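Accompanying notes for the structure given below.
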Amino acid sequence: MELIVGLFMQGLQMMLVLLVAPALVGLVRKVHARLLMRRGPSIFQPYRDLLRLTRKEALVAKNASWLFRVAPYLIFSSVWVASALVPTFATGLIFNWLADILAIVALLATARFAMALAGMDVGTSFGGLGSSREMTISSLAEPAMLMIVFTIALVAGTTQLSAIAGFMAHQPVGLRVSLGLALVSLVIVAVAENARIPVDNPATHLELTMIHEAMVLEYSGRHLALIEAAAATKLLLYMSLIICLFFPFGVATAEGALGAQFAGIVIWLVKLSIGALLLAFGETVVAKMRLFRVAEFLGVALVLGLLSMIFLFVLKGL
Amino acid sequence: MGIMVVIGSCLALFFVLAILTLLWPGIGLRLSYGATMLLCLIILFCAASSLLAGNSITSVMLPIGLPNVGMRLRIDALSAFFLVVVNLGAAISSLFAMGYGVHEKRPGRVLPFYPSFIAAMNLVVLADDAFTFLLAWETMSLTSWALVMSNEEKETQRAGLVYFVMASFSAAMLLFSFGLLAGAGGAYGFDEIRASNPSAWTAGIVLILVLLGAGSKAGVFPVHVWLPLAHPAAPSHVSALMSGVMTKVAIYGAIRILFDLVGSAMVWWWAVPVLIVAGATALMGVLYALMQHDLKRLLAYHTVENIGIILIGVGLAIAFRANGLNAAAALAMSAALLHVFNHSLFKSLLFLGSGAVLHATGERDIDHLGGLIHKMPYTAFFFLAGSAAISALPPLNGFVSEWLTFQSILASPGLAQASLKFLIPVIGVMLALAAALAAACFVKAFGVTFLGRARSQAAHEAKETDNYSLTAMGLLALFCLMIGILPSFAVDALRPVVGMLTSGTLPPQDIGPAPLTLIPFANGRSSYNGMIIFIFLLLSGGTTAWFIHHFASRAIRFGNLWDCGHREDNPLAQYTAASFSQPIRRVFGGQVFRAREQVDMPPPGDSAAAVFKSRLVDPAWFLIMSPLARLLEIATSRTDFLQRLTIRRYLALVFLWVVMLLIVVAIWN
Amino acid sequence: MQGFNVDTSHFLAGAVLVCSFALLYQARLFALLNVFAVQSMMLALAVGWQAHVQQAGHLYITAALALVMKGMIIPGALRRIVQNMKIHRTIETVVSVNLAMLAGVGLTILSIMVVFPIARMAGGLAREDLAFALTIILIGMLVMITRRNAISQIIGFMSLENGLILAATGAKGMPLVVEVSVASSVLIAFFVFGIFIFRIREHFDSVDVDQLSAKRGDVE
Amino acid sequence: MTSLAFALILIVPVAGMVLLALISSYRIGAWLNVALSATAFAGSCLLFAVPMQTDTFFLVDSFNIYLVALNTLVGFTTSIFSASYIAHELEQETLTRGYLRFYHALYQAMMTAMSFALLSNNLGLMWVGIEVATLSTVVMVGIYRTAQAIEAAWKYFILGSVGIALAFFGTILLYLAAEQVLGEGAAALTWSLLVNDAAKFDPALLSLAFVFLLAGYGTKVGLAPLHAWLPDAHAEGPTPISAVLSGLLLNVALYAVLRIKMIMAGNAGAIPPGPIMMFMGLSSLIFAAIMLYRRRDIKRLFAYSSIEHMGIITFAFGMGGPLANFAGLLHMTMHSLTKSGIFFAVGHIAQAKRTQKLAGITGLAKSHPVLAWSLGIGVIAIAGVPPFGVFTSEFLVVTTTFVRQPILAGLLALGILIAFGALLMRLQQVLFGEPQGPSHKVSASSLPVLLHMGLVLLAGLWLPQILVDWFQQVARLLG
């Protein structure tokens, strides 16, 4: 019986993630437009775009290989699986112990790997450009991510996300400097990983500055739809990650009462929309930076991560 | 005992085979490689059975070798495990060679050395006294050198020279350490050495010597310089052996000496040099690999990186074991050993793939390749699998061992020493950076070689390679996946080895919430289940595909590539290795490699092609090797006049010498 | 009587040594040959005296050998060679004569230093004599390395051998085989020297050793 | 039985020598030469059958019995090689028949003299033997009568005879030291007696004697800085002589030094020979290793490598102790076998390429595979790479040194490594370079090379117990 429930909860989360993700993107766009004194498209525009794309026929370059057509599914599925492992509205879901945060990061890396390859498949200079920059940035982001993981694990004694979330939720962690630093650094990493301003601008196709878009230039139709969906899901994933690591209050547990679950969902959505607001605000006030400044930007994240760890050691009295 | 007889006779047969091929070059290549494979499989079977039987020790003493010491051979869990690594790699390389080696221009210069090389590696792992160990060690170097020299290109000369000199340097270092351990009495047997538990000082010196000796053989920075020269120069199935297996034998030497022979004197600070060297090795290796555009050299530098990763595990094991944290030590050691195995799998796979490409196109420079995924689909697929594995992507095996390494890093707060507390997370960062850069590097390697459009005629006319080679690569790819999704079995198989080395073991792997779950710590801190992740991926991907194909359009149209509307027909306009790695070169290269970029633009109106050159130097060269070379140069040039003195001056030398001796005597009296 | 014997042998050995210094001092070939002849004669006397003292008849052979071979034949032969080959009569020395003399003195001191710690000497040879012999040998080598041409090197070598014989004959009851070997070695020496000088004459127009260097091997 | 053995080793060759000087046909001469060397070898094998013994003039103990066997064996194989080598030289008319009679006669003279030196119990006789051997090689080195040959022989002669003189003076001093204890006459030079009463000798006198003997015989061993004659003598003489020089004469001279060292070891007050020998050995090793790099003549190259290895051996004996001495003895044997084998190969190579210049000898792997293999194996073996015997001895030397003198061991390994690099660099050019210049077929008799390398390989893997026992006895004697 509880297996059924568990599976149901898990399925619910996966569906929820898929359903919410485009709205999140839409919300960010909307707020962004508003802050720029534009009306902007409706929050649900992304859904329409996805539907349209899936209905269209896919245009594929003659010299594209099977990899080009497999990649979108691989990207989408790995991001989706990863997002299934992150506690969103409830901890202790049945699949949460499948993998820890390291594995989640690695799954996202798989998606990135596939996308970079896909970018190089057709053999355009833009594709190569995109892949090259994407891999550079991610390889700079990963160490910072590990530092954060290390700090969190130091506090919570595990790398299992739902365990961490439960830990954080059920005891007053207090405002530790180290965690604050870790949060900042995680935000930076998230921005870089999701190709947001100031690292990349998702709204532009200006050749010399684009990174993520350059890789998917050749895609169209359902393939593009999958990639877009994956991108949106990834954004959501990172937001939920931040939430469950640093603001886990109000999160339900898998075996909790239905009402609690429902409350959990609502709280999660609220948190998400706040996150969207902040993101949009940030993207409005900050300008995109040169590619080679990104290294320094992520360097800051790494240093913050290191600092947080050191502070932690100091606080724990070594 | 019986197992030892079988293995011993197999080793003897290797040499017989070598002599046969030497005396009788007419013997079929395929036949001899097949025979080699068969022998490897037999040894593999014996070793695997003894490994699975747990920590069973078989030893034998032959009346040859050093007088009064004899040649002692011994199989315990550790050597059994490494026997498995060696012979699995060797068997598959031989299988590959059954197809690939046929194209060898001068088989007479490969066939005799190939089996002896394998035999020597086996012997190193089996050796149970210092003399036999070094004998096998040097024979391993000698035979692999001969195999490298079978290549007749120009730069091979230098490669061979550097390789052999470095090899004997490492032998000398090990010679010292054994001399130190054996003592003036000359107790060269390993069991005597174990019995004489050495002082902390002795052990410390031994540690340094081993880091230099075994390290240079394994390719540890900064004594790795020979590796990227020598490994690519050999025939590809030999490169696979050298990179995938021989470096592991060196690791075996290090583990055997540090954990087994002087393990009793292990202290926590050992971890510091090991970890620092390991981190530097991992990072430098991958960074340098990123700068390469020679496929085999790129792979060689990745060997350096992975050796670094393995050594990180070893260093952690030292730290934990010295602190009595046996569970963590066991975890770190299992991570290291599992990575040894994994690396031997995917590095062999990648080298074999590069061999297939090399044979199909005659090119090692990936900037002249491209689009091979259309011409050689299977090779491309297997190479992709290897790339994903070495980039530590789930659900493949590379990820498992690196995940375990990270888990053991996360256990480091339990250590007592503040220095380690701070050092190990930094090493972890280096490891993460290395892993991420490796992914970047293999996007480059695979993308430029197999994807895009052909950049040369050779690449355009490439043909898929033969079935032996494909089978070999396919098997390796399969193993990579298997270890990736069934890691708990591999970890369980390592249990006796780990127990022997760290007196701790991983928790039994069946306590997880579901079968096949990998559990690093008994108190369930974190877990990973490759199998279900894999199924999960398949399911989600499959359902998505099914869903879209049924409820949305499945229509597809093939057209020209769009590329933002640019019409570029020239495949040379694609991104190359140099352009791909440019950002990273800009970020790291400047300081580390003295990377210099130089672009010669033709003047306006001139239609000549612009030329881009990027130069960089391996720091180990300009910091260590070239100064030494210069020193020797000076010494030789300054002393050479001594060959051309006049007789009178020589007499003067004699006279002065006699007078000096007389003065000595006068002083003595 | 014993004292007298010893003193005489001292005196003779000393005379031989003085001759060595004279060799070191000489700058002209013929003079060098003459001095060498004198030294050999002195040696002959010394050896003869030892033969008398030790009642060792066979030593007279050595004495005669020294007198005839080294005292007369070899110098004569060498003088002829010099004349035939028109060798430049003055010897180019490497270091100034004074310096050479100084070095000789230094060698004397050294040999005395190494010989004196010897507790007791048996037989006819006193420590001083041994010191003398040693000095003669060393000075012989010094002559070889401070003179540039082959003739004077031969001279130096043979004066070295004189020192040897002095010591050998001093060593009481040294088996006959030894003198025989000495004599034979001297013979062979002279013989081979002769051949070589002749050959060298064949090939180059001088016996200046330094000119051989042009033919030294291992050049491109 | 014993007398028969001695007759075969010493008398028969001398008789044969006279015969050789008379025979004009070089073919018969060559084969007679081989036959005589064979008899000598047979005689030395007979020695094993008879119990070891000593009398006033001769002694047979575990030290020299195997050295005699080694000497005669190498002499035998060299004579086989020399037969084929000389035939070729005659075709090239670099040698005339008249000189060949001379050559063969002197060859026997040299071999006999060396065996004599090895077997003699009387230090004076030993001295005579070594000097006769030296002087006969002098003449053979000069036999080509080219300017370089004469230069080399002249240099060899001068330095050699100075060495002779010094060694003789040393012998006199030793006699003087012994005379006080053992009385006048032959007894005072009989080694077996000296070594027993060494403790009673006057230490100062003994030290002085040692200095001169070391300088004298050290010249023959070719220890730096007394080595000057060695490279040129090797390079300019006929290759068989180079083989014998490197393989045997150096050993015999070292043997003499070791006999003296045994006496010194018995006397506490005298100057300790060990450190001096270690110093000379080490300096020779490093010096030769550095000199190897710029050699342009292949025979000179290997001559310097001989200096290097003599350095290692001397160092080992200077080090002392059972392991080091054992290693020294083993290395002595291995070196003489390997090096003479190398010279056989080099001789044929030089004939095939019509030059000794390394620049002219490249790419043998393509043009002359057999020669390439034999040279390659030889160099690998001499460089101390397993599975050859040299590795075993170097293993023992370095390991045992590192425990007792880490720094010296470091220098030792450094020297070996430098030399290794030089040899390898040359070898790669010679074997794997691009073939150039003339490449003629030579009727090489590969038997000697194979025999030597086979023995070295065997020793690398397995040493017969009896040899080990002898070595250990001698090692104990050497202290």
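Lettered A, B, C and D in written order, each chain numbered from 1.
Throughout what follows, a contact is a pair of C-beta atoms (placed from the backbone, for glycine too) under 8 Å apart; a residue touches a chain by one contact, two chains touch by 3 or more.
Quick caveat, the model's predicted, so the values are computed rather than measured.
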Inset, instruction - Point out which chain occupies the most central position, where each centre is the mean of Cα atoms. - result: B
Legend entry - Maximum inter-chain contact count - chain pair: A-B
Legend entry - Chain whose average C-alpha position is farthest from chain D's own: A
Legend entry - Separation of chain A from chain C, taking each centre as the mean of its C-alpha atoms, in whole Å: 100
Legend entry - Between chain D and chain B, distance of the C-alpha-averaged centres to the nearest whole Å: 44
Legend entry - Separation of chain B from chain C, taking each centre as the mean of its C-alpha atoms, in whole Å: 69
Inset, instruction - Determine the centre-to-centre distance between chain A and chain B, using the mean Cα coordinates as centres, and give it in whole Å. - result: 35
Inset, instruction - Among the residues of chain D, pick out those that touch two or more other chains and give their numbers. - result: 154, 158, 162, 166, 204, 208, 231, 295, 300
Inset, instruction - Provide the list of chain B residues touching at least two other chains, using ranges where the numbers run on. - result: 643, 647, 651, 654, 658, 662, 665, 669
Legend entry - All chain pairs that touch each other: A-B, B-C, B-D, C-D
Legend entry - chain C-facing residues of chain B, complex: 643-644, 646-649, 651-652, 654-655, 658-659, 662-663, 665-666, 669
Inset, instruction - Sort out for me which residues of chain B touch chain A in the complex. - result: 370-371, 373-374, 377, 384, 388, 391-394, 399, 403, 406-407, 409-410, 413, 418, 421-422, 425-426, 428-433, 435-437, 439-440, 442-444, 446-448, 451-453, 513, 517, 525-529, 532-533, 536-537, 540-541, 544-545, 548, 552-553, 555-564, 566, 568, 571, 573-575, 579-584, 586-587
Legend entry - List of chain D residues in touch with chain B within their complex: 154-155, 158-159, 162-163, 166, 204, 207-208, 211-212, 214-215, 219, 225-226, 228-229, 231, 271, 276, 287, 290-291, 293-295, 300, 321, 323, 365, 380, 385-387, 391-392, 395-396, 398-404, 406, 409-410, 413, 416-418, 420-421, 424-425, 428-429, 431-433, 460-463, 465, 468
Inset, instruction - Enumerate the contact residues on chain C facing chain B in the complex. - result: 94, 107, 110-111, 113-114, 117, 138, 141-142, 144-145, 148, 153, 209-210, 212-213, 216, 218-219
Inset, instruction - Going by the contact rule at the top, pick out the chain A residues touching chain B in the complex. - result: 54-67, 73-74, 76-78, 80-81, 84, 95, 97-100, 102-103, 106-107, 109-110, 112-113, 116-117, 120-129, 131-133, 135-136, 138-143, 145-147, 149-150, 153-154, 157-160, 163, 205, 207, 217-218, 221-222, 226, 291-292, 295, 302, 305-306, 309-310, 313, 316, 318
